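Following this line, the structures themselves.
In the two assemblies presented below, chain A is common to both, partnered first by chain B and then by chain C.
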Partner chain A sequence: MLSYALRRLLITIPVVLLSTFLVFGAVTASGDPLQDLRQQPNITQERIDNVRETRGLDDPFPVQYWRWLEQVPTNGFGEYMISPRQILPDLQRVIGNTLQLVIAAEVFAFITAVALGVASAKRQYSIFDYTTTTISFVGFAMPTFWFALLLQVTVVQIFELTGVRILPLANLSSANPGTGLAWLWDRALHLVLPVITLSIVSIAAYSRYMRASMLEVINSDYVRTARAKGLSEGVITRRHAMRNALIPTITVAALSFGGLLSGAIVVEVVFGLDGMGQYFLNQLQRRDPYPIVAWLSVVAVVVMVFNLVADLLYGYLDPRIRYD
Partner chain B sequence: MTDQSRPTDPALGPQSPSNGADEAIDGYSDGTAVKARSQWQMFRTKFFRHKLAMSSLLYLIIVTVAAFNAATIAPYAYDEINVAMASTGPTFEEWHLFGTDQLGRDYFSRVIYGTRTSLQVAAVVAVVSTVLGVVVGSIAGFYRGWADALLMRVTDIVIIFPLLAVLLVAAALFGQGRPIRIGIIAALFLWPSLARIVRGVFLSMREKEFVQAARACGARDLRIIVRHMLPNTVGPIVVNMSLVLGLAIILEATLAFLGLGVNPPTPALGRLIDEGRSAMQTQWWLVVMPGLALVSIVLAINFVGDGLRDALDPTQQES
Partner chain C sequence: MSDPLLSIRGLVTQFDTPDGTVRAVDGVSYDVHPGETVGVVGESGSGKSVTVMTVLGLVPQPPGRVESGEILLEGRDLLELPIEELRKIRGKDVAMIFQDPMTSLNPVLTVGLQIAEAVQTHDPSMSDDQAREKVVELLELVGVPNASDRYDQYPHEYSGGMRQRGMIAMAMANRPKVLIADEPTTALDVTIQAQVLEVLKTAQEETNAGTILITHDLGVIAEMADRVVVMYAGRVVETGTVEEIFHTPRHPYTLGLLSSLPRPDVDLDRLEPIRGQPPSMISLPSGCAFHPRCKLGEGRERCRTETPPLYDLGGGVSSACHFHDEMTDEVARVEEVTGATFDAEDDAT
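Showing the complex of A and B:
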């Protein structure tokens, strides 16, 4: 088990190295990282040449990449291209914010999807089943950003009709969020719309899985046995059927963590959240390869850990599976 | 197959279909219960009976024909400005079915042109990623070796990184541009899932008797792959293609929304939504209408894909 986990983590290293190398090349080739600097007033050609010199921008990109890689173990992810700011503190801040959003969305999506999946499997071909199926099909077909915009319009329309400001439309906090519980409440309110938006696709996907695996389990022999020995329907669902039906859903949920990060990019743009997606887009627009490569490395490790957790969970939940 | 199950199989075989086929007998003029039908015929009857899939297919055909004849179908040109009708909601007056924007441009026409862009991108993505996926997947499944190693490494990369992030870097590098360009960029990241499916089917099929029989007859590798193994993989390939089509449309719209899609002034559904965003609180149609077009198309594609999956699945008996 441990060696399996270690091996999986070790595989990540060459993958991360190769892909950061490729992305570094792509970003360097795609534009001028000094464009921001050139646009600023009061910047002399001397200063630009200076940056070009110290950063070695005239070297071929493998050399540049190596120079960046060399300093990672000692210097964290280093500084931005044109300012002496460290990348790491910024990255930590946006990762923290995004994790709040993504984890809340994942938990919300998982609970909702399990409830929906179980309920529609128990009443297969009922009106409820058809309704959830239709909704999940629509949820699947809906671009995240469009749904986010619809939510924003709805909230504003409610405000104009009733004068009640039910939810904040953008940003992570109010101008004056307070401290302690007040801060927490403020943050939670700000996250409601983004979390709903981000989880809608996941709910659609997970509930389909949950329904399918629940249907499979409900018709199995051991559930019939449980019913035959006179257990109540609730106990059969909760203790016997649902536990086994959860296994594939949990795996899917953990494996789609990378997908949630994709969704987070869009959600953060629409709701103006100071998270990883917004950060990534900003740096991409500035054509600064250093923060982008740092971003990708961190994301790769996070996603890899989640995939590993999915694998190990799978083995734990289903004892028939053995890793060697 | 074990020996124990063998005796029961022939007994079950003729019985269960005839039970299920009782209603179907009426359909045949000669009244025979068992009629030889090719795979294609079986697929056709099953698919045609799938009402949702059929109506979705019809919808898609209409939309596609309309989109690719946008110049004749659309009541206005996509950039035709009519200040007198600026910021009108959806109305039958002068056929502004989807309303107009601040410049009086007709949104119904813009949506038709935008749909054309989306469909072009999606078609390119589907074709390119399917060809790549089938080629790499079948080589990897048949020969293992370098193709297998390549496939596994690329899959590692695709699994580890959020698709949208990688796509954004690629779009920034290769530049926005014509639909075909965006399509190829997206396809480069969408083929591994199909390749893995094809590889899986090929691995399990490689040792089957019919493949060995073909080899014993002296068939060369290419013939075995193309004539014997690929036809048995058509189901998963076609279903995956429909999934990719839907995904590609959403991805293209997302890229356009984030400003990295097809070049302006070509209308794309994602960009239409982005442009309408600033005025969406007073002119909801600017956001809702292009979005509805997008959702309905993706929904229809998914329904067709569902129907295809049901029809192509030989284990599923006709009901």
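Showing the complex of A and C:
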């Protein structure tokens, strides 16, 4: 299995290179990376020409790409187009923040969805089942940004009615977050609304998968065998039914992890979080290809690693699957 | 005769379907005594499986529903028991072997663990090591080679025959009083069938369990059963010892089964199949459900209008045919057609 994982990781290298190459081409072709500079009245033509020269913007784009690529390992993912700052420190900061948000959302979504899916499958066609089904479809169809605004408005209304600030509405930390546990608590409170927003679609999707696979499993022959053995319903559900039903659900969850990253773009903008999504939008507006391609490499690696994680989990949960 | 171990009395199990109510089991009664094997035969949909599923409360409700009847295990009515009490009986006093060993074992748990589970559920004081030891013994008993290695293997690493051995080990784990085998060999190769039946015999001798063996294979019945219950369209149509059923059938349906099957012990020149199709359980024929397919009842008003009761012919033999006393002539007619002698003296069964 280790050699399988290594082989899969090695495959990511050419895939990342190819995707960065394509995106680099697309971004350089889509606009003028110096337009920001040009719009500023106190920037001289000389300064613009200077940047054009040092970054070699008149070279063919494969040459530009190669120049950027050369710096990636040695010069912290290269520098921004118009300033000699490294990209890496910014990227590290926003990745750290986004991972907190996305991992919290994924864990929350998965646990909630499994619980909902199991409960509705066990009470198929009950009022509970119909209610969760309806809410799932609403959650699935609802625009994320709108749901985020609804949550914010609700919290504001509660504040206006009762005078209690139950949750912060934006940013990742208070002005003085403190240290240690106090900092952690402050961060957790700030993440509550973003996590709920980000996970709502995932909960809707995963719980449908969980319900469907659970239904299939609880009508299976081996669950009947388990029942004929005299096991209690709790043991049957946990040991025999859920373990089998989790296999497809975990796969879906791991594969959709990349999707959460793109969902995070919207959430981070609405809640003003200093994360990858916010960063990506800013850089995109400036048409600076270097940070965009750096960002993309990270996301590509994350997505592929999680695809690998999905495959490995699949093999762990289902003994019929072996890697060699 | 000794008191029956398990006594099914007038059982009626129905299913509510979108097309109407299906009475899958309609007034079925039969007994199982300690150590004996009762073979239950019948076509698919004759209610033989649903009857035993009802015994263990394994019929999903809804859509299933037990309308009436009693299932007495040593005098206790299983249908009246609360689910917690029934759970103590499942796998302990009454154990079951299912038809398809490919799907009846959980694919993600080791076979050993699944058998150990049956042991430990009913004896929580047993440690994991003790349970393992016992399961390895059981696996050896049912003829699984390298049992202690096989304990840790998953069902997909077992062949079909081995899986069914595992299922039998699971069923006999708690020395049940009643062993129900629901078509235990149907899904297996013919060569494996004989082996698995041997194992089933061993299991039965080991536990002295009263056994209900459900099958549509008359060969299996001849091999294994002491007494036979023949079912058709949810009802018992004939009961008797295995010799009586094979040599002097008292119901045209039983005769039809016998004359549509090549047998090593009876020299058939040609087969006489039962004509027509098994009836739809949603709209059963009036009167005797077998009458549209019956040669004996052909053109007889009574068969179309009056549902025959199960006539007790004495000595444990019974038949649900109005004209059971004409069966000797009917057997003779079929013997004429098929060139066979059913009531032969040789005891090849």
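Rule of thumb we're sticking to: the second predicted complex is superposed on the first by the 318 of 324 C-alpha atoms of A that agree within 3 Å, B and C clash if a C-alpha of one lies under 4 Å from a C-alpha of the other, contacts with A are read in each partner's own complex, and residues count from 1 in each chain.
The criterion applied here is as follows: a contact is a pair of C-beta atoms (placed from the backbone, for glycine too) under 8 Å apart; a residue touches a chain by one contact, two chains touch by 3 or more.
Bear in mind that the values here come from a model prediction, so they are computed numbers and not experimental data.
Superposition of the two complexes onto chain A shows chain B and chain C fitting side by side, with no clash.
In the superposition on chain A, A:V51 makes contact with neither chain B nor chain C.
For chain A, the partner with contacts to more residues, out of chain B and chain C, is B. When the shared chain is aligned, no partner comes close enough to touch A:L167: not chain B, not chain C. Contacts of A:S232 after superposition: chain C is touched, whereas chain B is not reached. When the two structures are aligned on the shared chain, A:L308 is found in touch with neither chain B nor chain C. Once the two complexes are overlaid on the shared chain, A:L189 sits clear of chain B and of chain C alike.
By the touch criterion defined above, A:A5 lies against neither chain B nor chain C after alignment on the C-alpha atoms of chain A. In the superposed model, A:L69 makes contact with neither chain B nor chain C. Looking at the shared chain after the overlay, A:I135 reaches neither chain B nor chain C. With chain A fitted onto itself, chain B and chain C come no nearer than 5 Å, counting C-alpha atoms only. Those residues of chain C that touch chain A in the complex are listed here as 56, 58, 60, 87-92, 95-96, 98, 100, 103-109, 114, 117-118, 121-122, 154, 156, 167, 170.
If you check the complex, the residues on chain B that touch chain A are 153, 156-157, 159-166, 168-170, 172-175, 246, 250, 253-254, 257-258, 270, 273, 277, 280-281, 284, 287-288, 291, 294-295, 298-299, 302-303.
On the side of chain A, the complex with chain B involves touching residues 11-12, 15-16, 18-19, 23, 26-27, 29-31, 137-138, 140-146, 149-150, 152-153, 156, 258-259, 261-263, 265-266, 269, 280-281, 284, 287, 292, 295-296, 299-300, 303-304, 307. Residues of chain A that touch chain C in their complex: 219-222, 224-232, 235, 239-240, 243-244, 247, 317-320.
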